[in-house]
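All remarks here apply to the structure that follows.
Naming follows writing order (A, B and C), and every chain is counted from residue 1.
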Amino acid sequence: MTPVKLYPPKPEKVYFFGTCLVDLFYPEAGLDGIRLLEREGIEVLFPEDQTCCGQPAYTSGYQQEARAVAAAQLGLFPEPWPIVVPSGSCGGMMRTHYPQLFAGTDLEERASEVAGRVHELTEFLVHVCHLKLEDRGEPEKVAMHTSCSARREMGLAETGPALLAQLGQVELVEQARAAECCGFGGTFAVRHPEVSAAMVEDKTTAIAEAGAQRFVTSDCGCMMNIGGRFEQQKSPVNGEHIASYLWRRTS
Amino acid sequence: MSAIQTPGVQTYSPREFHRQAHDALGNPQIRANFRKAMDGLMTKRRDSFGDWELETLRELGANIRLRALAKLPDLLEQLEANCEANGIKVHWAEDGEQACRIVREICESHDARSVIKGKSMVSEEMHLNAHLEEAGIEALESDLGEYLVQLNEQTPSHIIMPAIHLNTDEISEIMHDKTGTERTRDVDYMTAAARQQLRERFMAADVGVSGVNFAVAETGTLCLVENEGNGRMTTTVPPVHVAVTGIEKVVEHLRDVPPLYALLTRSATGQHVTTYFNMISSPRKEGEHDGPKEVHLVLVDSGRSRIYQDDELLDTLRCIRCGACMNHCPVYTRVGGHTYGTTYPGPIGSILSPHLMGLDETKDLPTASSLCGACGEVCPVKIPIPDLLVRLRRESVGEGRGNVPGAGVKRTRKEVAAWKGFQWLATHPSAWRAGTSVAGKLKALMPAKLGPWTDYRTAPKPAGTTLHALVKRHQANKSHQPNSKSHEEER
Amino acid sequence: MRARDAILKRLRERLDGPLSAPESDFAVVTHRGWSQEERLARFERWIASVHGEVIHSPRDSWTETLARVLADKGVRRLALGKEHPVAAEARRALADAEVELVDVDRDIEAWQREQFESVDAGLTSTRGAIAETGSLWLWPTPDEPRLISLVPPIHVAVLDAETLEDTFFDVVEAHGWADGMPTNALLISGPSKTADIEQTLAYGVHGPRELVVIVRHAGATPEAT
């Protein structure tokens, strides 16, 4: 677990690192994250040369490849602005594993410096922006799935629910075993598909049994997994990235 | 060391992880038994640490284990010297085979025909029962769970609760079949029956074999943690007691024991304490009326000194074998202990077994984790299990330090090419943008197959446009109308 | 000696070089600062939670309490020592009772089956107890050997209230355990139990089914019996 983090005052600008899954599959979620930040009066810098944090290679054991990809991202944030990432998984990679990945290399110092500026989006909205939300949506029962990386690697079990709690018309329901993994785990879902399937099956069942009409999450891997399972079951429960959900209900 | 192969015993192999997982997942009884048990254990653990400064205690536990490992060779020598001074004979074994031979020779020197065993995972690891049986020596497990598993010709499915894969009805059936008890759901009846059956065996046993939870260098003391009393029986009733343990189980001081014991019982079963904490420092002394006349300690290496060489892998040896990592593992909970095909299942097994058996045997274990981090979060001595799983994945694909047996076993030209391709794209931003803007291109980069994904879920659909493109448009809009739409809407 | 030397050599010539040992801060396992009342309450709560039976008795009439316990439990043969004051007082008090007193100052080889099959209870003294976990601590002696707290179906343990301490760590430190350990040192926290059959708790699997702790009080006895 990361040590207690001291948060900076709300900055004038931030960098936004969209992540590859958002880039390719959920670009609206990324844009909604940017809109939420801009609405707080923050200028959002989007380094055009960003690609992927390197986590897929890292967790697959391809260390050199991960390091090369990560090194390419390290140069994207030259000014001392915070780096906001709409994913606990990629955020955890950058905050926790970048310093490990570059330990003993020329880039060690820069990796630690960058890592120290990385914030997951909901974390940033709660602890730095002190975001206040006014709900304009219809009444709805929602379950939050906090990704394992956000929950354990970044210590952010509370920030997503804290934001949802501000939405007056939203009833946050808690699914059984909310802290349990949904079974995504990056390449785990492809290497151990049956085990992963058993896990996501339990997750969708728990969310449905909690009476949720929708689940929100701050990680697109979990969304792809849980949402894909719901969709295949032709369940009425939909998934939405928390950035889109917050933006949609408050704009 | 090979996969678990005890004659007549149902065998599982880590090579067959996928098939065994498939079978377990398809067995509703197994699924239900593990789910129920793990749910209970997680709740009990949480409750048991209620009024403790858990993080401070874990910090101390980790620190004690690190200190012991830092001084390991000195402490082993100190332990040996103090044990010998107390009258405990100390033996050293390079591997399980050698350790088995030492135990067998001790048995043979007493013409022993019957061995009674307390719970010992190291003896499971070295397949001691099979070895003794080949020499015509019967080895009977006395921990109730181990006894039931042995009756059922199986191996343990959990390091603390060996029979956790069986429910009451199944156990009743096993006891009825093998020992002639009535079929019943009465747990007290079955427990009393086992007590009766095993008491005869304790009295008849020539040698008692136990494990060790902590070996204290300072005093030459062997500590055993248990609830049943079979550990005390095993180490007190037969005339000879042989304790087998891994070389990493040593701690420096007696005062190091209380914090580790507090962590162990709470992490393992959510108990604030176990019924017995049994500390043995010598055989029966002149004038004493019971206890074994001989006590032996067998220190087993079996790959541990190789793990010891590496700063990162070293953390594996901190383990105090509480099983909390498996109790909290969503994979273990789904597939159960036998699926792993190793003595130590679950997360700790996946970071330990590759060193004991080689990555070629165990290559599917380090990947059998979603890296959810639950194991690392509950580990009482703060072993960074997820990081160690990643390290072993690195070793498997030949990008580690090469100091784990079987390193590089999973390296294939195809996969390397795929990751090199990923690296090239992700380090060439304009190519990346060009690639990602053409929806679906990235599919080619998905490792192995995407096939199984869609057996259970719909395929992820590329959005057609990318965030890069959306941001570009968004920024262009904003620069055309300084009071952007979003800002207007907010007011 | 070959394996020994090879193992130690590998450990000493560690690839990544020598390790530095951290210092330990044990504050978290000591300094509870409980009053005697709190200690007693904790001890009793914890040991009762695992089916240990606690009976308070004034110091000077504890043998009457013992006699009552033995009668209530139908104990006909009681194994006990001779020299320890607990055993000596019990022997005197029970001399005329119906309970048969079984000597334990004999090598176990001479009476193993008798001990396993025809002793109803074992009586032992205790050296002290631990409030935090509800544990008794015993250092068996030739006078009170190891098996009498294990083999008979009932274990009656006699504890003096003032010997209660806060934590296991405190006991180890205060009594200088590290300066010399006995053949066998024991913490006992309740009767023998198992949960190996589908997590269902059952008592008396290998050791005693019942543990009765007679807590002797020099002064006022809480809820005196």
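Here is the rule we use: a residue touches a chain if its C-beta (ideal position, glycine included) is under 8 Å from a C-beta of that chain, and two chains touch if they have at least 3 such contacts.
If you want to know which protein each chain is, UniProt gives these names: A = L-lactate dehydrogenase complex protein LldE; B = L-lactate dehydrogenase complex protein LldF; C = L-lactate dehydrogenase complex protein LldG.
Model, not experiment: these values are computed from the prediction.
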Chain at maximum distance from chain C, centres defined as averaged CA atoms: A
Per-chain CA centroid nearest to the all-protein CA mean: B
Intercentroid distance (Cα basis), chain B paired with chain A, Å: 31
Length of the line joining the C-alpha centres of chain A and chain C, rounded to whole Å: 53
Per-residue overlap in chain A, given as positions that touch at least 2 other chains: none
Residue numbers of chain C (touch at least two other chains): none
Interface residues, chain C side, partner chain B - complex: 1, 3-4, 6-8, 10-12, 14-16, 18-29, 46, 50, 104-108, 112-113, 116, 132-135, 141-142, 145-147, 150, 167-169, 172-173, 177-178, 180-200, 202, 204-208
Touching residues on chain A, where the partner in the complex is chain B: 1, 18, 20, 22-28, 30-31, 34-35, 38-39, 46, 48-52, 54, 56-65, 68-69, 71-72, 100, 148-149, 151-153, 177, 179-181, 183-201, 224-225, 228-229, 231-232, 251
Chain C-touching residues of chain B, taken from the complex the two chains share: 33, 36-37, 40, 52-53, 56-57, 60, 63-64, 66-67, 69-73, 76-77, 80, 92-94, 98, 142-145, 148, 161-164, 166-168, 171, 187-188, 190-192, 194-195, 198-199, 203, 218-221, 227-230, 232-233, 236-237, 247, 253-259, 261-262, 269, 272-285, 287-291, 299, 301, 305-306, 308-311, 314, 403
Residue numbers on chain B that touch chain A, as the complex places them: 18, 21-22, 25, 31, 39, 330-331, 334-335, 364, 367-374, 376-377, 387, 390, 392-397, 399-400, 410, 416, 419-420, 422-423, 425-427, 429, 432-433, 436, 439, 442, 446-450, 452-453, 455-463, 465-471, 474-475, 484, 486-487, 489-490
